[in-house]
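Each of the two complexes below includes subunit A, the first together with subunit B, the second together with subunit C.
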Partner chain A sequence: MVSSIANLVMVLAFAPLLLGVINKTKALVAGRTGPPVVQVYYDLVKLFGKGFVVSRTTTWVFLAGPVLSVVAPVVAVLLLPLAGRPAWLSFPGDMLLFVAVFALARFFIATAAMDTGSPFEGMGAAREVTFSALAEPALLFGMLALTRLSGSVSLTGMLDIRTAGAWQRASASVVLILASWFIVLLAENARVPFDDPNTHLELTMIHEAMVLDHAGPAFGFILYGVALKLTVFAALLVTLLIPARPGGGALGLALLVGGLAGVGVVVGLVESSMARLRLVRVPQLLVTATLLAGFAVVLLVR
Partner chain B sequence: MTAGGTTRNGRALALKDVPSLEPSQFRGWLVNGVRDKGRRVVSYFGAASNAAGGTAAEGISLVAVLADDANGRLSIARTISDGTTFESVVPEVTQAHLFEREIAEQYGVRFEGHPWPKPVRFHHSYRKGYDAWGRSVDAQIPPGVLDFFRVEGDEVHEVAVGPVHAGVIEPGHFRFQCHGEQVFHLEIALGYQHRGIERALVGGPTKRTLPYMETAAGDTTIGHAMAYAQAVEALSGAVVSAHAHAVRGIALELERLANHVGDLGALAGDIAYLPTASYCGRLRGDFLNMTAELCGSRFGRGLVRPGGVGFDLSSDQVRDLRSRLTVARTDVTEAVELLWETPSVRERFEGTGTVSPDDAEALGLVGPAARACGIQRDVRHDFPAGIYRFVHLPVMTAHHGDVNSRAYVRWLEIQQSISFILSQLDGLPANGTRAAAGAMRPDALVVALTEGWRGEICHVAMTDAAGRFSRYKIIDPSFHNWFALALALRDGQISDFPLCNKSFNLSYCGHDL
Partner chain C sequence: MTPTTLELLAVASALVAFSGLPGLLLPAGSRAVQRVATWCHVLGCALGVSAAALALAGSPATARFAWPLPSGALTFALDRLSAFFLVPVFVVSGLGSVYGEGYWAEAHHPKNGRKLRCFYGLATAGLALVMVAGDAWSFLVGWEIVSLAAFFLVTTDQDDAAALRAGWIYLVSAHAGTLILFAMFALLRDATGAWLLAPSVALGSSPLLRPILLLALAGFGLKAGVIPLHIWIPDAHAAAPSHVSALLSGVVLKMGIYGLVRVLSMLPAYPTWLGLALVALGITSGVLGVILALAQHDLKRLLAYHSIENIGIILIGLGVGVLGMAQHRLDWAVLGFAGGLLHVWNHAAFKSLLFYSAGAVIHETGTREIDALGGLFRRMRFTGAAFLVGAVAICGLPPLNGFVSEWLISLASFRALTNASGGVAMLGAAAAAPALALIGALAVACFVKAFSAVFLGTPRGPHATRDVADASRSMRFSMGALALSCAVIGLWPNGAASVSRRAADALLGTNAGPAASADLRALGGMPLFLLALIAVAGVAGMALMRPTALTTTWDCGYGSGGPRIQYTASSFAQMLVRLFRWAVLPDEHRPRLKGPFPAAGQRFESHAPDPALDRALLPVFARGRSLLGLLHVIQAGRIQAYLLYIVVTLVVLLAWSWSW
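Let's look at the complex of A and B:
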């Protein structure tokens, strides 16, 4: 129980660092010094110190979006076994809750976007909802494959150290799931090649376009939510790749932290080496992710 | 068919030698020239009738300049209109559409049959009491308030962008009619940057004239200053030294380099391709600094002067420039080649924002935007003046009319410009003193063309009996090209707009003047 809470505290405290690692990687590859790794903390402090304006056309939904964007990853962390510590909450089928909380948050962020009546935010919401509907099957297919592999229908069982034994039995499936989920991570967290977190061009944005009207603390929640969500997805990948022994202690923790930083560097390298996809091509890549996860299932049931 | 007069780039001719045609003949000459003889409208503007050598107290003169690119000739004619209505040529000559809107706004002439006659820059008519839209003299004319095309339908939505943008760019208003992500139509409304430059030039030249030219479009300082200098030199008969011609050519190509390199970086930035975006951002600064090496200003302010150049190039500077340029050539090659070698970039550029060669011809596009459609059109080649009479540059073209072609033409021109500058530095003529531009010829007219980095810059100067400017018309390349951006977006994706916009990179203030 206590150690599960430790997981939560750790993620809450260090999530913004992951964004910092990505930005630093991009800066170094481009030959720049870049902002400090802890820049996102400064940004958050700045945002929470600001006042903010709320449009008269909006309703309570407008503020529910930012709140849910933080709540969803917090709930998701409670379902994940991290660094050898058990999940705080574990029950058969909890993987569906994991997917559902993010869907709920997305519903509220998209609704908050449309609440403003701005055409940009409407476009952003339409894009986000379309693309995440295509990303969700990939996540679920991957979980289906892990269920088959581990014989468990909860995240704790799936990501158990025993699944690691599957590396010998079904390495192809695990690699396929990792590839598929990495694509989902990039899509769900608005990274290149799906979205460009740096752009100021409202017509090309996906995620950023939805939150144009959120300012100050509300935007702070959004930004923090983005960092948390990215960390949760990265933690999911790392735990699948290198599961820690139960009660893994310092070694488990080091592997997790190192793994998270590694994901950050890889994301940074991807963003430094390729252009963003044309918007009409995005569904094709997401369907590819679903197919990869689908093949993982096929390999296991043959 | 009545023929217009013929002139060449930068050659002054007496106003009385500009054929004055009857309105119907004038219209016939214009339509015939563009539709049948394949000429294009370089300039078409109004002037007070007495300014153009006319006699009628009321009414205005219309002057048109058509280019015969293949033969390097300019065809010119004028007519006197009664100053209230004129039959539009736009149904036959599409590329005249914005010129007629401009004349209508400046001189209060209504063009009968113009398909979409709207204001351009939102100012009162130059002739008090005449207004093409019947607005009263003291009416407020707020910019951007006008009719837009509308598409109606259940799933059609309208997106309005600007005039205030998210980036640090100039103001302009863009109205999209969309069906989901697909753009049916884009309409562009400019005019927010109107400063009244053309009006302020009448009666000149004065101390302010050159600064006005250099800031007509701030990123094309050398281009506009060169066109102006060429016009004044033609009218005053000043002889420019070979040294000054070479320095001007070097400065013009450095301006092209800085902007083309910056554009390629910005294109990469728009598609989130960081390597090229980062390096080109720095390299643009390197080229700007080379211009600063010439004259102390990164944008080349004060370098080009009528009669010569404001700053001579010493042998130390030549050595320094050559070594800096050689280094920059290596860097820029490395940074830009990545664009053509990276599949994700090619995928994004190719087929985006295509303008067909037919549309490009019909709209009379100029500069890299035209050359990207395979059109051989470059003032340096077709109407060479100054240093370009001695150094012949082949025209760089690409053939798909898309973002990739516009980017690739820029890359070809970057390489060409660097070689040009290096060869000029090698054989730079000895310093020549700046010839004083004396008094200008009275009652004369000159057309001066320069290939700026965006394309053809056209200045038409007319002098009065005292040898002062009675009318000075500036046509920035953006004036020809803005409509092509609207066409590039048609049936495209709205998310591709910023990329298409960057691939044209047109000037707002050059259009608004």
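Let's look at the complex of A and C:
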């Protein structure tokens, strides 16, 4: 119980650090000092202290986007088994709720963007819903493969596949799932090569373009939601990757933290070493991710 | 002995069937016409719902009437499966009648209001007849009543050329479907030895099984709108009055599903190929339906294509269920069937809700063109919120009802992978979950587009800026009731799942309760928990996000944006339509712009005619017609000439017979 609470608090409190790790990695690779790792906390404090400038065009839907962008990853965290401990909420079919809450958040973030009547935000919203539609089947195929491996239909069961055994029995499938889900992580969290979180050239942005009109505390909600969502997806990968079940406790927590930081460094390295893809290439990469995960299923259902 | 639920249902159907008749005696345009019709109709529907509820809780009832027909007797049977389908018939029809008070007020439509109310009642009664038919004859009689009444409903506005065209296309395809059903029932009678629609052991070993099932897929698929047999759906839904569109989409399409399910219930065993075919048809209809919806500019055509998508989802559920039965795995078979059947209810609820709110928009603005609207949320708060509820529900998102049924079907797909042996059945079932995810995510794209282009942003033209008010009280009542039912099913998934499980049991002739009870009830309080969390976060958000200043939307400091710079519905969908242009086959008109100041009035345009109807069927028919036109040379309309043909033919035939 104590370690479950520790895991939950760890994820909720330290999620913004992950963004800091990515930015620090990118700065170091580029030979800069970069902002401190805790910069995102400073940003959040500043944003929540600011006033909230709202467009006259908007309705209450504009506020629903930021709210749901935090709610969705919080629900997802409750469904994830962290550091060898079972999830807070675990039931048959919980992986479908995991996917659906992010879809719900996407619906309202995109609607909030459209609520402003801004062409930039329309552009961002259109791209977001397009790319996510292609990323979702990849997530599902990966989960199907894990169900086949573990015989379980809930996240707690399928991610605790005694991964050591799964690695030996079906290493090819696990590697394919990991590769596919890493692409999904980059796409769903608007990272390079799908989107560049640094750019302020609206025409090339996806996520940042959607939230142009969210100011002050609303942007604070969005920023925290982004950090949390990235952490959730990274935790999904880490849980799958750690080849032995640590059984909770300090060791589990240490492995989780180390793994999350590792994912942050890898994302940072990817961003330092490659450029954004042209928009027309993005669907191709996402279809590739779906095919990789689909191939993992086919390997297991011979 | 006549059981009471059937008697109650007979009274209800009679009330509904004749609800429009008194109005014919009253002067056109008078308020009394709609009052009498609506009250009769609502009373009949209330009785019908209670009869269905009693039948859902109780045991099956049958009644036979001797009848001097080749069939010998007319049989009516009301089991849980029939009752399950009767609920949406009476709920949607009753609420639609209330909605019609405001939407098609007699005072504004003296010319066709009475006709509409007459056939509206008749169609509803016909639907009830189809659902309780116990033999092929009564089934086909009900089927024809619905087909004909629906033709007059679609062509309510008889002066509208588009409505007439839609009506004819509907009539032709409906009767093509009926012909297929004649053949199907004839074969069925051969295989089972009776006209009865009851489980038959002989059917399992009959060599006719495969043709029967293929004919059933074609005949019922034509009514349900399975791609590529969906040709009548978009035009008919767009042209009909909105509460008729809701009836068509919410229940008339389900008549096809009901027929299919009834035939399935007669089978003693389920072949794997049937499950695979259902899943394949379902995925095709689901994905292409939503893709075609994305490409539409007409609000009601968009919703019509989403009906095709949802029929696809229902078929996926039934297909996964059939595969489970073929593998003798009752646990995922029941999940699939329960999910597919529950989606019948859910689709009736949220699609009718969407048609009602779209109808309110059309009623106020006078246009169905999405790109002519915008910014209506401020003046149509109730309608906008109702549309939003319907949109979230149809995308299969928690905590509303669409999520519950899609969750059941996906869970069945996951359960299939825990099967010990692999094989093609497992692969077919495994395809369901990712396909549903893709369909759901594309639906999100489509409904973000539809909702925001119509209700958000700033008005794009005179239609949206003219005197627009929220929907009238009767229309709001119907929308509110449906939105509430979406929420109730979504927040209390166990109740809905157990009702649809009972219907699935009636279908399969089993008691599958224990096999899947844990899975069926697994969702439990999760939607409620999610709603509570959203509420808490919403309150926190309201406290933290207090607007301190109002300004314009960020426009790079340019300062003269105007509504034309907004993303339109077409531009929103452009990327996805591009990606799937091999399926949509859009007509694109790109003028070549010349010089630094191109001439005014040149604009990019893109239309998405229906690939099956406009691209394939109509050209083929037109070609056929012109070929057959050659026959006009000999068919000139002179009787003497025709007599000559007959004489010549006879002589030739005689000469031919002598020569042998």
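Side notes on the structure shown:
Note that in this section the second predicted complex is superposed on the first by the 288 of 302 C-alpha atoms of A that agree within 3 Å, B and C clash if a C-alpha of one lies under 4 Å from a C-alpha of the other, contacts with A are read in each partner's own complex, and residues count from 1 in each chain.
Following the convention adopted for this analysis, contacts are C-beta pairs under 8 Å (C-beta built on N, C-alpha and C of every residue); 3 or more make two chains touch, one makes a residue touch a chain.
The structure displayed is predicted, hence computed values, not measured ones.
When the two complexes are overlaid on their common chain A, residue A:A261 makes contact with neither subunit B nor subunit C.
In the superposition on chain A, A:G31 contacts subunit B only, with no contact to subunit C. In the superposition on chain A, contact is made by A:V70 with subunit C only, not with subunit B.
Applying the stated contact rule after C-alpha superposition, one finds that A:V175 touches neither subunit B nor subunit C. When the two complexes are overlaid on their common chain A, residue A:R278 makes contact with subunit B while staying clear of subunit C. In the superposed three-chain model, the partner touching more residues of subunit A is C, compared with the other of subunit B and subunit C. Residue contacts after overlaying the shared chain place A:T199 against subunit B, while subunit C stays out of touching range.
Once the two complexes are overlaid on the shared chain, A:L269 sits clear of subunit B and of subunit C alike.
Once chain A of one complex is fitted onto chain A of the other, the partner contacts of A:D213 are limited to subunit C, with no touch recorded for subunit B. In the superposed model, A:A6 makes contact with neither subunit B nor subunit C. In the superposition on chain A, the residues of subunit A touched by subunit B in one structure and by subunit C in the other are 119-120, 122-123, 126, 279. By the touch rule above, subunit C contacts subunit A in their complex via residues 374-375, 377-378, 388, 391-392, 395-398, 403, 407, 410-411, 413-415, 417-418, 422, 426-427, 430, 433-435, 437-438, 440-442, 444-445, 447-449, 451-453, 456-458, 518-519, 522-524, 526, 529-530, 533-534, 537-538, 540-542, 544-555, 563, 565-567, 571-576, 579. Of all the residues in subunit B, the ones that touch subunit A in their complex are 157-161, 166-167, 180-181, 268, 270-275, 277-279, 342, 344-345, 347-348, 352, 493-499.
Only residues 48, 51-57, 59, 61, 63-64, 66-68, 70-71, 74-75, 89, 91-93, 95-97, 99-101, 103-104, 106-107, 110-111, 114-123, 125-127, 129-130, 132-134, 136-137, 139-141, 143-144, 147-148, 151-153, 212-213, 216-218, 220-221, 279, 283, 290, 294, 297-298, 301-302 of subunit A touch subunit C when the two sit together in their complex.
Across the complex, subunit A meets subunit B through its residues 26, 29-32, 119-120, 122-123, 126, 192-193, 196, 198-204, 271-281.
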